[in-house]
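Common to both upcoming complexes is chain A, partnered first by chain B, then by chain C.
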Partner chain A sequence: MTTNLYLKYTWQQFKKNKAALYGLILLGIILLLAAFGSCFSPYTYCGIDMDNKNLPPSFLHLFGTDELGRDVFTRCLFGIRISLFVGIMAALLDLLIGVVWGSIAAFFGGILDEVMMRLCDTFYAIPHLLIVIMLMIVMGPGLLTIITALALSGWINMARIVRGQILQIKNMEFIKASLALGASKKRIIFKHLLPNISGPIIATMTLTIPSAIFAEAFLSFLGLGVQAPIASLGVMVNDALCALRYYPWRLFFPAGIIIMLMLAFNLIGDGLHKAMDVKQT
Partner chain B sequence: MKKILDVKNLSVALQNKQILKNINFCLYEKKTLAIIGESGCGKTTLALAIVKLLSNATYEGEIFLENEDFLKQDKVKTQTIYKNYLSIIFQDPLASLNPIMKIGKQIIEALKIQDEAKVLTLLSAVGIENAKQCYHQYPHEISGGMRQRVVIAIALAKNPKLIIADEPTASIDPIRKTKIIELFKEIQKQYASGILLITHDIELANNLADNFIVMYGGTIIEKTQNLYSAKHPYTILLLNCVPSIKKEKKLANISGLSSFCENGCAFADRCPLAISLCKTKKPPFFKVEHSEVACWLYNMPNATQNLQKLLDYAQSKEYNEIFSKN
Partner chain C sequence: MPYFFKKFIMLALTLFLIITITFFLMKIIPGNPFSQEQDIPPEIMQSLYSYYGLDKPLLEQYWQYLKGVASFDLGPSLVYEGQRVTDIIKNCFPISCFLGIEALILAIFFGSTLGILSAFYHKKWQGHMSFFLSTLGISMPSFLLATFLQYIFSMKLNLLPVACFHGFEYSILPAISLAALPTAYITKLIKSTMIEILNQDFIKMAYSKGLSQTTIILKHALPNAILPVISYLGPLTAYAITGSFIIEKIFGIPGLGQWLITSVSNRDYPLILGLTLFFSVLLITFNFLVDIIYAIVDPRIKLKQ
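Entry: the complex of A and B
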């Protein structure tokens, strides 16, 4: 009786969804590789070896080497870490800003709600790339800039979802009952409202991570992302592009990993969305 | 006797539409006051208005709790009154429990102290046999009757002086209903609190309450001590509608949709005894036997005769046939 039935139920529903389960397995493998893969590799991500450049995949270099003789496999593993770090940090920042913003707007309502949501709309109207480029100029390229840029444009979606969900449940009787017990507004938001909408929040977050990962790869590809010698998947794709005709594998491996990462996260996010939705209807 | 709740000239408007007009009543300690009336007559609005939980409402008049006007209290004082003085039991027991919080924890929320033993005694006090198991369950895992008891337990947790029960037995079977009635009586003895019972279940009200208020169209039309000697035509017709378990009596109804006359008596449009005065001027309260009735009928000398006519009419074949045809 003491086990958390909600979690158990969600897990049961999630397991029924085969695609989501494969996504979870795929993500698990990628995560394990990113965490421990480099222990088994004799190379470092930035170790230059000019004698062995542009080698095709072999047992010595699983994914071959790039134009400076760096091991692509090790660089890919490092790239996954960067991508995941960016994705998760951006999603967490989205969560923090979006939840606070959305719940304040929805809970207090009235003019405050109107002003806050119109601010959201205004922000949403500014092109994403413009914000990134402006931030690049102000802060200089780097991980921090990318994360800031992604968070700046990503929280709006979360704020809207949180606001919608809270509007839905804030007039329910248990909230009124809690008010009649003399609970403060802070307590109601944190103890009653937010736990009740944790499902949609988590599902939205798992879908934010892949889009953030892709955005990072995309920005790095454009040359706006992390700088050498740090390897991110997008940077590697960009480097490989000029040698595409002669050494195509240098493009395929990092691109393939981006695809798999996004696929895994999307499948999981979708599965969670469905598993948690059933409970609410 | 000590007054627990005293409502004086209360009028409430929601978004510029007046819902409650000139409500006056008071509730004494250890007494139960039942507010009855059909759906949409403003019962729930009144309950929420008394505890200031209506959103976007404008109030007029006074609500005295502990000899102080509750409507004029600031936030801090309001919160202390919520915490110590009154409890409200809402219509839907499932909706009034947080779906993702265990029962025990929700009662602790009300108690404000982590005291498992107290929670268990409360749960047993409201007649939950397996209190320990219930403590660790979620609201969706227990039955409707148990949920209702849990909600009552939460209401009792703070030893309130005033309990406002809004349809406490809606969707509960007759056996549980009897038990809940007994429970309320027990509570009243033990805690010396006043209960404001809001219901459209006339049998329940009759069993539980000492005084009755009949509402129609946002106004009080009758205050009485004995429901079955009620004097207002509406009350009489309403009581006539209560289905009986013996099939001798045909099902009755009150003709017309619930429409509220603006200028005069709210019931004037549907009242079979209405005279022209009813539609133009609001009736004051007349004292008749155990009741205070807002009806012009009692201003006239032959009131009792007229009333007898109404009673006969309500039980007559023709009256009931109107409904079997429709």
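Entry: the complex of A and C
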């Protein structure tokens, strides 16, 4: 009941924010395209057609074709799926590690808290790129590696936020009351602490997704991402760069989609932050 | 004083942990620094290994490295013959640092201007405009912006050089690409704090005293709104002056950014460690400086705990 009210209130606040609504609509359109767009396209993402290389956009090929004659529109749709998958999986893993780490540190406090937070600081000070590249070499490039690497470098922020939030409400009266009534630690963590900090967690997650999408595009751009023939938006940008001078449109479409995808998530995340009244740090 | 002492011990401990973690992590990576040149006879391989001390037990290598670090010697590069890690840093860091500082100046100047404007014209078209610009800035990956800028200004309009690094005009496009994201972020930070502050009593008080708008903004509101920016500037500075791999690759700049990736793929162990250490020291130092500045600027915070 109370959760419903909270959701309703958040939604009401969210609706007032026009920019966030535009973001939601933009994301909706992108999602629909990614899910059903390929039904209307006669091409596959890896179908090679050497007679129709590097065509400019036309009605036959909406976004043109690439250097192997593959339809860029279909590849873009496929790339959106990959980007979304990577972004969402990385955000979920971040959430899992961050919530467990942060809540243990905050709830038990003392030396354990100190040690866990020092470890956070240490990981934070190692360049993320180093961890990602080491992992790439050990595990080999691929989707799984990217997701693991992103989660490994991204959970620290989540852990810090969760810890800060829990420390804030840990000593509030209703927790003390619950303790006095004899509630177990497990019950307090799952029934009282976590639901009360779900707002900031969700808001942080919506901003983790675009940074994960960016990181995937970045890694693919470096040639460390998903491998051919799978198309990700970053790989397509990278391929297009070699021929930028002659076929600029090949860069334009995947790049535009990356920007729109990130814009949508950023607008929504911003709106959620405002609607739930979370301070951005 | 005890605060600084305690903090300093903590920093030293963190650095030690970083060296340890990086040292053992990089030894896990399969491969070795000499396998690029194909088919080295085992005897030569053996002598290379013993020359660089790689045949000793891991713990002894680790101890040797720690001793080196204590005397500010980061060891020789295994792949680039005759170069010491400190030399590579000394040669490449100034270029990245120059670019980074240029980007920082751009970001701070435009970020705070846009931030103040958008807080002040909140809900007018100027406010919407700057909100749109800053959200776009956050959503635009730096490598895409860099490519667009390069395409428009260098290839199409022929206004600025495409790549390389021989003077100030070569640094304009890279600096803009590096500055876009922090500019957008600073705009957002200043805007959100500024709006909160402009509604507070002491600002209303300042208005009722009849102070001019410029005075109120610059003397009363801005010093308060700048606080979150200061804490953001710590890590930002460390990242900015050590160079960005991607921007340096796109614009062909011989900075420090590219070395981290090449060193890992070359398994150039001393170089990996040296660069990581260099970056970590900078990051930790800047965060430490931020703490101090914060305490000086904001009298509500006392350095204790």
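Here is the rule we go by: the second predicted complex is superposed on the first by the 274 of 281 C-alpha atoms of A that agree within 3 Å, B and C clash if a C-alpha of one lies under 4 Å from a C-alpha of the other, contacts with A are read in each partner's own complex, and residues count from 1 in each chain.
The criterion applied here is as follows: a contact is a pair of C-beta atoms (placed from the backbone, for glycine too) under 8 Å apart; a residue touches a chain by one contact, two chains touch by 3 or more.
Remember, it's a predicted structure, so these values are computed and weren't measured experimentally.
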First, second, both or neither for A:179, with chain B first and chain C second:
first
Quick one: classify A:241 as touching chain B (first), chain C (second), both or neither.
second
Output check: A:108 vs chain B and chain C. Expected answer is one of first, second, both, neither. What do you get?
neither
On the A-aligned overlay, A:36 touches which partner chain: chain B = first, chain C = second, or both, or neither?
neither
Who wins on chain A residues touched, chain B or chain C?
C
Regarding the shared-chain residue A:192, is it in contact with chain B (first), chain C (second), both, or neither?
first
Would you sort A:11 into first (chain B), second (chain C), both or neither based on which partner it touches?
neither
Which residues, counting only chain A, touch chain B once they are in their complex?
1-2, 5-6, 171-174, 176-184, 191-192, 195-196
In the complex formed with chain C, which residues of chain A make contact?
19, 118-119, 121-122, 124-127, 129-131, 133-134, 137-138, 210, 214, 217-218, 221-222, 237, 241, 244-245, 248, 251, 255, 258-259, 262-263, 266-267, 270, 280-281
Quick one: in the complex, what on chain C touches chain A?
10, 13-14, 17-18, 21-22, 25-26, 28-31, 131, 135-136, 138-141, 143-144, 147-148, 151, 155, 188-189, 192, 228, 245-246, 260-261, 264-265, 272, 275-276, 279-280, 283-284
What does chain B use to touch chain A in their complex?
48, 51, 53, 55, 79-84, 86-88, 90-92, 95-101, 109-110, 133, 136-138, 141, 151, 154, 158
